[in-house]
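In the two assemblies presented below, chain A is common to both, partnered first by chain B and then by chain C.
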Partner chain A sequence: MALHTIENKTAETTRTRSPVGPPKKSARAHAAQRWRRKASRVVLYGALIAGAVVMLFPFFWMISSSLKTFQEVNLSPPTMLPSDPQWSNYAQAWEGPPSGFGRYFLNSLIVAVLGTALQLVTGITAAYAFARMKFRFNNLLFLVVLATMMIPFEARIVPNYVLIRQIPLTGGNDLLGEGGSGLYDTYAGMILPGVAGAFAIFLLRQAFMAVPRDYWDAIRMDGASHWTFLWRVLIPMTMPAVLTVVLFGFIGRWNELLWPLIATQSESIRPVQLGLMAFSGDEGSLYHLLMAATTLVAVPGIIFFLFVQRRFVEGLTAFGVKG
Partner chain B sequence: MSMSKRAALPSFLLAGTLLVTSCSGGDAGDPGNAAASTESIDGIELPEGVEIDFWHIQATIYGEAMTEMVQEFNATNEWGIVVNESFKGSYQELNQAVRASLAGGGAPDVSMAYENDTLEYVANDVIEPLDPYIESEQYGVPEEDMADMVDGVLARQQVDAYNGSTLSWPHGNSSMGMYYNADLFAEAGIDAPPADWDEFLDQARQMKDETGLPYSAMGTGKNGIYYNMLRSKGITPYDPGAATTEFTSPESIESLELLALLFEEELAYTAADTEQEFTNERTATELGTTARTSTKIEQIQDKFQWSVALTPQETAEPITQLYGGNHVILSSDDPEQELASWLFMRWFADTDAQSIYAARTGYSPAVESALDTELLSTNYEENPQKAAAFDNVFVNAQIMPPTAAGNAIDDMVTGIVEEVVLGRLTPQEAAERMDAEATSLLASAPQN
Partner chain C sequence: MASEIIVRRRKRQRMERLWLPALYLAPTLVLLWAFDIYPIFLSAWMSLWRWGIQPEEFIGLDNYIRIFEQIGSRPGGAPGEVGQSLMVTGFYVLGTVPATIVIAFVIANLLNSKVRFLGALRTAYFVPYITSTVAAGLAFVWLLNPQVGVLNSLMEWFGLPAQQWLLDPEPIVPKLLGAVGIGWPDGAPGFLAGPSVALVCVMAFSVWNTLGFAVVIILAGLITIDPQVKEAARMDGVNSWQMATRITMPLVSPTLFLLLVVSTIRSFQSFNEVYVLTSGGGYGAGAGSPLDSTLTLPVLIFRHLYERPSSVGFAAALSMLLFFLLLIVTLVQFRFAERRVHYD
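Then we have the complex of A and B:
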């Protein structure tokens, strides 16, 4: 996409300049220019290929290791390719953890999809309020929201835990949040603490603010409400930002480890990242099975990314977010 | 944007309720619970089917072995106790989970814990002393069973910092040993592992001269090796009670000088995975935990001859590091729950369970009688390195003096020793820095 744009621009520039450029160039000058262009392209592609190799090597290593035996995966110097591919590692990894990976996948999917959807709802509505509505302390409140990004996750563990345990009238709790387990060891307990994220609010607010106010004035004349403006105009116009929030939210939840570890007890509701921990502990790791399981776990995220990558890149570049 | 009055009232009620409940604290681990007495414990008739939660850190073959043991206990215990086990990640993550549960409720009945964690729990008065259970006529541990426990393992349940109480009970244990490649030793003309640290240095030079290979691979956390050197010279690295250290002692300087020399002459090197270095014959020895003996057996197979020995010693009383966690009972208001927890812990540390654990993993059994079971004796015959780990190393293992500042001191010592082996600090400078920082950490530790 980016290359295509560069090419078009170059062509356009060439077309524009040709009538006012130097009257005539010698054949040698043309050849030198062509050579320089080719050379620069070779350098560019070379750099891109080198970058791609660097980025893809960990994936290659993961897949290669996932097919080795326990002995071979620990060889040093390592072998690049498995001498006798062990496809059975995948079956072993799938069935290895207590609940089996099928269950972990389902749990992760529930947590990631519901959590992301809820985060999107809170993010969009809050961002809209901050970007488009005038109310007292708007900027101050937005700063407070931003400030929450500075609080490390570890510092939020205990308050979040207390909150989910003591939500009134859930999990056997009374009105004061006592007597039961609240939302501990439930999907809701894993999802709720992350549904309002400062990052999503920030990104969407910036995107909403970039839309000219004229659109609002125009639609207002037709009697449209804030909701209509938000869903019919703003969201379609800022779709790259919305998808960026979706992607970050989904992958963040898919990769979440510490919170589900603390907020759950039953293997039957735990997500895939905890399933991976069955292969790695304080007393050593079973790297070949860990890599097989990691490959399985990485696939949904990669597929999801492939579907939304174009919009994702647009979102990042349009709203100035750095990875 | 203004909030409608109809919407405002429920919102404020909800916010207020959450605030009240958030401030009210959990019911578990309520400090000030009266400890159970032996008489009251003997008077309990445990009803059928008490359920307890057990949090642990075991994954891989250790997790599988433990699941097997929990299932065995659930199926065979005469009281019908049901143990619900839950994996909680590393020790650090487990500790975070326990602390969160103590604040918010839902703490487990039994948790794994290192002594340093146990001291944190003691400071917050959230764990049960075990002596009344041990002394109980009906549910206790007979004297012969106490005598059956490996010395170092028993000692770590009753350390000085517990002020005469027994606060934990064994889970699984390992120790720091010196793995050596017997084939490389033979090639270099070395007959046996080194008896003391001077011989360690001599052998290292001999190995380098004869084979060109480094003598030892050491992990990134060198605090254990450094402590081991000090203790083998009869020095206890620090005294939590007095908040003093021996880091500036001549023995400490000597140990740091030896480490610096080993790295300077490239006789030793740092590796992220020392086991991989050893099993791939890139080094002749590895100083590491005996818990990895079983994985080494699987990795090395018939590639070369090897075994495990005690680390070099310089006093008449050999000593090495003891590793592994314990079990503690987190206080609840329910004596039946606590008794069920104790019965599970007692079973876990007994002959049959420990023989399963030691046979399935690299841990050494907490009780010597486990060696006589058919399961473990057969396993040790088939895997002589595991037997060597027990006979040569484990029986000499003792924990470091526990302190709530232990983790912080370990991290600090690791960093400074690394500076020494990299040549950035002289042994003297390092010793002085370690002494100053550790003294301050010990003085501010909760139990002091």
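Then we have the complex of A and C:
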């Protein structure tokens, strides 16, 4: 808006300032300027579209290859599009691993849904305490929570590998956490270390703090508790932040690779990313099937993202602006 | 009656001051302590042991001495495993972080100039970021296949020699110089020869993969710039280069700094990219291949943790090294930024 008014103003001033200038020349200058602007627009769009093509080409090639026959996928030079789309590749890839991809997808779903739900609930209560309750060391504790963001993942992975084996009374362990394998090779072992998320708490706290105090004072009059206020008033009012946490949590969990690789050994509970890696080890030279499996793993996430992308980008934007 | 109510209210208030926050915070604090904070101390403790599945023997600083021994040269003149991984990590961070930020800055500026289909274009740049590294990485492995990959077909089409890409352990600088007919002196130090072709491929993948995140963050910073500032500068005859470097850059410098810190931390921790690109897709050569030329520090930690017996203590010592390296780099960045970043 502001830009438009300024542009209009400059146009007006130049017009009023030089009413007696040679009209022919000014028209030519205008035409040249317009041409230059048009050309720069063309260059701009050209660059942006070329960039977008580079970014998306691997996906196009993945899908295109996934529909070719074994002979066609190994042609050199390659064909752009499959001459006769082989939809059966997908069925074949789905059945590829010994237990099929279904089991891996189910495992990923369990880990992602439970992990995200736990993160959301613990994050919401913690953020509420930080944002709305007066107690000693509130700020100090919050700083400690934020500081955990700085601890690199790899520095935690070695001790966590040891820790989940030593959780007492699980996996055949005694009260001191010895004797069995603890939570190693279980869903709980995969899920628990990632539940507490400083970023989620930070985002929710900011959102909760933005809600005016009057709402609390009003509902307090009716004798409502913190718990009621939080779930009945605050959460509905801060839905964008809540959804951002859900989206980040879910996609982060779905794409996890290193921790499940270290924390499990049975294929029957491993998530889909590990299933895909295993498949690529077994059938890696059958690229049409590998690309079909890869498409199966990648596309649900992309479609999910396309549906919710506005919220997702908003969430990132808040992160970028507020740091 | 009245006093009883007051007492009850006081009691309730005291409870709210103490127990309620504790209750709300407990799950988070317990989990953060158990899996984020305590592990640092446990890791420091473990690094003093020879440790398999259980602690085996207290060996003091032996693991750290071993680290230093493995930084130095192997008999053949090549650096030891740890030294190699430090060099590779250095190449990786220096190669990906500045490239990502510069390219993202350019794209974000282009996207910010009132383009149509902004949403669609932004999505195109962002999709690689939300795709799992395994899926996207395997697609790259296929593109880079030396025999029938599409990139080699493209090279041929341009009249260039086909490459081995992810299978090529040779450093890139002598290779490029050789292509234009300049020889590489035998005695030159290894780090001057640059990353291997394979590592450059992994780095290119990493830039492609994280670019969208950087674009969205920078775009968010650009949108907050008051358009009148730019318009005023334009009327003073500032050209686009000056506009980008003298006006836009200082104004988004807090965002760029945040991005620098976040990307550096992430880049130091790069495991997934290397793991997928060097051990996926049927090469079966293992993470860090070929010839350890893509062996980042996190991959080395993984190697000790996952593939070697009784090496968990050594892996812990290596992760302490990574932790302190990151701490130092981040502190230096903050120190440097104090002078360079403009906050309002």
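Criterion: the second predicted complex is superposed on the first by the 218 of 323 C-alpha atoms of A that agree within 3 Å, B and C clash if a C-alpha of one lies under 4 Å from a C-alpha of the other, contacts with A are read in each partner's own complex, and residues count from 1 in each chain.
One rule holds for everything that comes next: a residue touches a chain if its C-beta (ideal position, glycine included) is under 8 Å from a C-beta of that chain, and two chains touch if they have at least 3 such contacts.
This one's a predicted model, so the numbers in the text were calculated from it and none came from an experiment.
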### Task
Name the contact category of A:F105: first (chain B only), second (chain C only), both, or neither.
neither
### Query
A:W94 contacts which: chain B (first), chain C (second), both, neither?
neither
#### Entry: First (chain B), second (chain C), both or neither touched by A:Y161
both
### Query
Does chain B (first) or chain C (second) touch A:P152, or do both, or does neither?
second
### Task
May I ask you to decide whether A:I302 touches chain B, chain C, both, or neither, giving the answer as first, second, both or neither?
second
### Message
In the overlaid three-chain picture, which partner chain does A:F250 touch, first (chain B) or second (chain C), both, or neither?
### Response
neither
### chain A: partner with more touched residues, chain B or chain C
C
### Message
Quick one: is A:I201 in contact with chain B, with chain C, with both, or with neither? Answer first, second, both or neither.
### Response
second
### Message
After the superposition on A, what does A:A278 contact: first (chain B), second (chain C), both or neither?
### Response
first
#### Entry: Set of chain A residues, in rising order, touched by both chain B and chain C
74-76, 129, 133, 135, 154, 157-159, 161-163, 165, 257-258, 261-262, 277, 280-281, 283-285
### Message
Touching residues of chain B toward chain A in the complex: what are they?
### Response
1, 17-18, 20-22, 24, 26-27, 53, 57-60, 62-63, 67, 84, 86-91, 93, 96-97, 99-101, 103-106, 174, 275-277, 279-280, 282, 289, 291-292, 295, 298-299, 301, 361-362
### Summary
Listed in rising order, chain A residues that touch chain B in their complex are 70-71, 74-76, 98, 129, 133, 135, 154, 157-159, 161-168, 175-178, 181, 184, 257-258, 261-262, 265-267, 274, 277-286
### Summary
Listed in rising order, chain C residues that touch chain A in their complex are 16-18, 20-21, 24-25, 27-29, 31-32, 34-40, 42-43, 46, 51, 53, 107, 110-111, 113, 115, 121-128, 130-136, 138-143, 145, 147-148, 150, 152-153, 156-157, 208, 211-213, 216-221, 224, 226-228, 231, 235, 254-255, 258-259, 265, 268-269, 271-272, 275-276, 279-284, 297-298, 301-302, 305-306, 312, 315-316, 319-320, 322-323, 326-327, 330
### Summary
Per the touch rule above, chain A residues touching chain C in the complex are 2-3, 6, 10, 44-45, 47-49, 51-52, 54-56, 58-59, 61-62, 65, 73-78, 121-123, 125-126, 128-130, 133-135, 138, 141, 144-145, 148, 150-163, 165, 192-196, 198, 201, 226, 251, 254-255, 257-258, 261-262, 273, 276-277, 280-281, 283-285, 287, 290-291, 294-295, 297-298, 301-302, 305-306, 309, 312-313, 316-317, 319-321, 323
